[in-house]
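So that we are looking at the same thing, I have put the structure below in structure tokens.
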């Protein structure tokens, strides 16, 4: 198996302790974050050769997330040290009937300011068997769009398959003179795996999908497969929210020739829901990289995202042993 | 709109961390407390001109809550610095099947020791369009009773409407040679809004109200409207407790010519239930002050009390934006 | 009433803060632990004359749990100071769908290394009206087995009744050339009260018990009463787990002439499930020592174990007042 | 050797974290306090049979300090549970050129409210070979004065020697219609050991002592020996303060036939100076109880007070091993 | 006395706990910061009518420092809510031989992005008797320079005296096409009080001042008085550093007709040196506003800066009582 | 430049918060430790290709230190996962006149239990240009001695130079039937650099060295050079202790043809002295690896050890920038 390469912005997440409001008392807990970095971390913790391509400032603020990723076994040699800010974001974890709230403070980050031509994809994709991108990088601005496209082009040119996580962030796209549909269409046209649901596909194709859950998802998937000839798999979760601490989740993977959908799992007592989507992504990729079929991939993706809800911080740091324990079931103390 | 004026004792709440028992480990978290101060804080956070009338000692223990209230925008010029203790109370937050436990240590506080004649209501009510009192102040002792009555008389004399929160504290009344029924009757006879339910009214009128929930509440309300000709609105919540962390709440407002009652809302994953009643009071007053009818007031009061259950500390510090988000619904991360 | 004497290893439990994984951040919370010590602590907090017999190293690591036990009123004069390690264990508290995980680090502890003949049972059982043992001590190795048997023999010789908590730990027994069935049979043959369920009895008697819950438990109990003529009572809980934070519990006590079984209680919002079995044991013994029948003992045992789920740390430190409040019901703030 | 009995108020000390001002952030660290309790704790930690006589409320606030004292081996059977407050005090630890600041909140405590006749000295002094009192108890009010005098009378009647720590608290005496000189004179006339310096003696005798350090102290001691025929030893420390974190200390003991005075020791990097006087008292009593002469007592008292400056909290919890290490010298890591 | 008005950027300071390196463990303590805000806070705590003019984002990150300032009594009505970032900076507090390190992350802040014409000085200076500026605002960029000049012009036009704190930040000036000397000269030419030393004056006048300490400072002061006809007072501290935790400080004020210089004070055990210059500024202004001469002003400024070194966080929050205690001397516990 | 390889036990250090005694409150801070791992970490932070050879258990307790080392850039592929305990040690940081105290709990660790033949030195020394050992590994028992000798033999056979840090631990050697002098002599005879002073050499050669500091050190060095023909450099620090928080340090390196000795540096306000020796070792090796002479090596070693005293935790994590700043001097805030 080759190297998994993720490309995207690394951020520091700052959160108040427990269930306090932001700065209700003057303390922050800090976690390493970033959608693509979360996937790279989760895959490294599952034993994959996983590399992160990004940029952080040459200060202790940039050292810390590099140290965290490297500690989990991510190859961080592709993380440049460049002038610019460290991207930050602030998460106020909700509870009960108060939703979790996020404030981004990522403008002007070292990553966003890196000129598109400063990524040496020849070196960065050496030995790669997958490049993972998300919809966040192109949303960061013209440089981000150019950087994401160059990365995708480089992978395509080298025959490295691309996975793409929709991660549509309306506020980022609206902050500049952007054309998200055109950009995302170009990127997804080069991908073989898309993480996203019918809403992401609607956005790309300008088409609405009706009907109840699974039907609507299949309809959207088929439209996407038609529009993107290289696309082979579309993976998504469906999430119903009873309240902030109690969700019900199922996972689905659509292939060209059929789909699998798991049962719904009830996830109560949620500790930290942030990064759950990235854990799903990592679980699916992990299963596929270890030779499972889409049914196993859906189950593994669901397992990892369920486990993530019990974990403070953004990235899944679970191992295969934890996935096995989850799939075996049983909730009592393990001695 | 004029100034909202609350009169009552300010306390410091000391709580162990998390769900520990009191002094299970030797740490306290500290919060500013006091039923009336909670209402003043909540209204200030909702943009009202809100003032607190109280007394604290001239020490850092008195400085801290004044700083907290002033920080939230409460006008603290009516808070006297006087010799005496800072009122304290100790809250051990329960969990599951262990109820939250409270120990009061408020005897001899600077507020309770302030002679009734030392409150200059001419100055304190200047510009006021409402005086808010609760059943705690008269329960503190003869001086408290006299102080509350003087305050009510002063407001009445100046044509300032009075809202009154029952907050019946049996232990406080029983600690001295008191006549709660007579005292509370005198106070409530001057109020146009009463926060309290059928049990509070039973106590005042010496009458029992039977039947199921809404009927019983209406019967009690009608009796109260008869007994108190100035009274226009009676607002209350109904709370059913599944366990310590999971309650179901509805709100009701009775007017002379009819009543509104909200649906029941399930509040699970409760973080801190203390001060939820004060948040309801503040929500109702906020809605009424901004021109909503009693239906809007019941909904807004319910919204603020539901949100309060997710918040550590005693006072609601939510803004209109938080109420709007609650009423719009949706429990997923807000990015 | 005489003195309750518990014999077993004392440990320190180290846990990460909140719901973090072990060493996710570099902090440990520390609690005094050990199944028998938990029972001794719980009984001391309920007003019994309760003594602990154990061994810890003559260092601050040994001082701390002795200080904790003594602080709760346990007589610690029977705790030897001996060279050897302090037994440690690491608890990662789960959440939602991630189970709590335990790592033991108790090999070579001062207790496990104490020669069986170094316990002076003449002195240690002076004034005792009960000796409490568990299946952990004999599982620690040949010395542990010998020490447990000597203790049981000494109690038998002095007419001190013995209670025995199964606490079967497969991993400990498997770590050496052991014969758990023979050893446990010898020990339980001297006991009048057994804490354990049909699975424990199956293990002892090499017999399977079929059928649904209560029937199966009764069948197992009758087999045990037949096999162990001295045995008078068998107490157990039945636990169904919805998820890590939400269990349903009932308690059962089998006597020779009949059994009692409580209703099932739903315990949600679990704070710390570790030590819940020891709290049940303590509750049953407390009730029996204060003259209640087995019905009261089952209810009291269930009450204490339910309360324990709300409490961080291993030992129940509740008083009679807390049990009374639980049995009286009511989940709202106690002012 | 018999039992050491200390009589006085137990308090909880609340302090902000680190070097913060009081409530600069909303957290308190909590320690068990009280001058006489500190001495009882220190002596128990040094292996003495040490008992505390006091009163605390029957709440978790009273449980905690009893648990702490008992944990350190103090006999707490003489601590009554009575209605009333738990005495509190607030310590803001200074630094550099900002002095440590103390706010007392002890009025109305369960101890101060205990009627003088409610102490059963027959039982409490059973087996005692010393009663330790301080100038704080009589300063608490008429009941405190009466209680201290009764205690002293009871000890005198039973031939139990009395040690007395001056601990003059002007603010307490000034808060009521007191006659400190008459009261303290009566108490000290019954003592054989006085902890106090020339200033304490001046106050008692109404006489000024001039000259430089040792001469002045000797002059005062001789006057005290003349005035108090039972008095055999006067122990004191001399403290010079370079700044809040750096003091220089020496110890002195005057006997009727001579005196010893130690060299001055420089104590820098002070962690917590509160309770240093009580540690000195305990060190002197420890040495005398173990048969050392006044020279050894002065050295031991100085050792324990120096060590106390390195320890957070009010009471010395050091053992003989720590004193030995201090006296042996050497500041590098002990492996 | 009128209103003191400070104009400048408010920031949040994020620091690791204790003496850890930045993100050595993943926690931040948060303090409100900003040179001019520190002065406004310190003066409000000393009883002055003190107002802050600034801009922060309309998020909880902006709410928190406004709440902090308002809590200390600063008038915050002049703080605009505007889109943009909250200015942040990261302080790693040094120790021993490792210096404190600062990382600024203030580019793009709401304050820095506010158009110069968006400050309504007519309203903001209403009732003002002093405007306080520092060299930071003009260093932030062309908009900052324009804003500072407009503020100074507005004050000059209204006859409001201006104080100016040099606070030269080379890195800020070097980040854009700036002319610090021209800009600062224009600003200081309008001021009557300058906080700065011979190095600041050298920079302004392009002249070197030689010789030993006081002579050099006087020479520089005289050159400044000549260059700036409106300037009446120049206040500065001289700081000698033994190591990171131990400095020696003296204060000096030069007037046109003479100077005062205090003795050097040794400040050991430094807790937090950040903001010490702002505390000096506040102390001098406080003394002058309360009618003291320059000798009292130098002593008061030195007192407040010495006290600040003992205080975590950026702003002095001491009261007159603390200054009095400092000037009275004495380092032992204040009971 | 090749790879630096360190071989030794990795431990977790558990420490109470601040200056508390062990378990004075029930919290531990946790740090990655181990003399050789500290050196490997420090060199990785200084940019060297640095690898650790060790063994830890396959549990989260073993994961954490591997994550920490890897995070700092240490190559951890040579760290085996093996059954056994994680080595622990407990550090109670002293203050003032109370020395830091250490309790080891390392017996039975996965490292100590690894059979000597289970280290594959062919692979582990691939690309190495130095192997670093210390006197701790052979002191752990017969397996440790054999493992250390095998490692040294393997390096010798491959021409990889060996550095050896004396780190004499009497208690470890005394715990088994050991011959430290013979073992250490064999090991040091293969080394070209020895970290140790005249006391270490005395122990090896059975010879006493008299006279004052530098003379004695030179005499010892010359004896060592005579006894160990391969030895080229002996590096040591001299430490004088004023008190626990204030030391004076100098560094010395003896070569065959001369020696250098630095001035003494005063290190006050010590935060954490543990690991200071390992930082010195790392500083010397860093300088030598980057081509400095012994004078530069002594200065660099002294710089890194001085900086380490300001840093919580065991390992130096400073970069070249920090050393440069130290050597440039200046203690004020770096902005």
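Lettered A, B, C, D, E and F in written order, each chain numbered from 1.
Basically, a residue touches a chain if its C-beta (ideal position, glycine included) is under 8 Å from a C-beta of that chain, and two chains touch if they have at least 3 such contacts.
Computed from a prediction, not measured in an experiment: that's the story for all the values here.
A.B. asks: Starting at chain A, figure out the least number of steps needed to reach chain D through touching chains.
C.D. replies: Minimum step count, chain A to chain D: 1.
A.B. asks: Mind listing the chains that sit against chain A and also against chain E?
C.D. replies: B, C, D, F
A.B. asks: Using the contact definition given at the top, which chains are in touch with both chain A and chain B?
C.D. replies: C, D, E, F
A.B. asks: Counting C-beta pairs in contact, which comes out ahead: B-F or A-F?
C.D. replies: The comparison resolves to A-F.
A.B. asks: So which chain is farthest from chain D, going by the mean of the CA atoms in each chain?
C.D. replies: Centre of mass proxy via C-alpha means gives A as farthest from chain D.
A.B. asks: Count the residue numbers both chain C and chain F use at their shared interface, divide by all numbers used there, and answer same if that is over half, different if under half.
C.D. replies: same
A.B. asks: Can you grab the rotation angle between chain C and chain E? Superpose on CA, round to the nearest 5°.
C.D. replies: Superposing chain C on chain E takes a rotation of 180 degrees, nearest 5.
A.B. asks: Using each chain's Cα centroid, which is most distant from the centroid of chain F?
C.D. replies: Relative to chain F, the chain whose C-alpha centre sits farthest away is B.
A.B. asks: Provide the C-alpha centroid distance between chain B and chain D, rounded to the nearest whole angstrom.
C.D. replies: Once rounded, the distance between the two centres reads 45 Å.
A.B. asks: From the C-alpha centre of chain C to that of chain D, how far is it in Å?
C.D. replies: Their C-alpha centroids are separated by 42 Å.
A.B. asks: Where in chain B do residues touch two or more other chains at once?
C.D. replies: Expected reply: 18, 21, 26, 269.
A.B. asks: Line, ring, star, complete or other: which describes how these chains touch one another?
C.D. replies: complete
A.B. asks: Taking the touch rule as given, give the residues of chain C at its contact with chain E in the complex, in rising order.
C.D. replies: Answer in residue numbers: 25-26.
A.B. asks: For the complex, give me every residue of chain E touching chain B.
C.D. replies: Those residues of chain E that touch chain B are 67-68, 70-73.
A.B. asks: Any idea which chain F residues touch chain C in the complex?
C.D. replies: Interface residues on the chain F side: 14, 21-23, 26-31, 59-61, 63-64, 85-86, 88, 90, 92, 103, 105, 107-108.
A.B. asks: Could you please specify the touching residues of chain C with respect to chain A in the complex?
C.D. replies: Residues 18-21, 24, 94-102, 104, 169, 171, 239, 241-246, 269, 273-274 of chain C touch chain A in their complex.
A.B. asks: Of all residues in chain A, which touch chain C in the complex?
C.D. replies: Contacts found on chain A: 18, 265-271, 306-307, 309-313, 317, 322, 325-326, 330-335.
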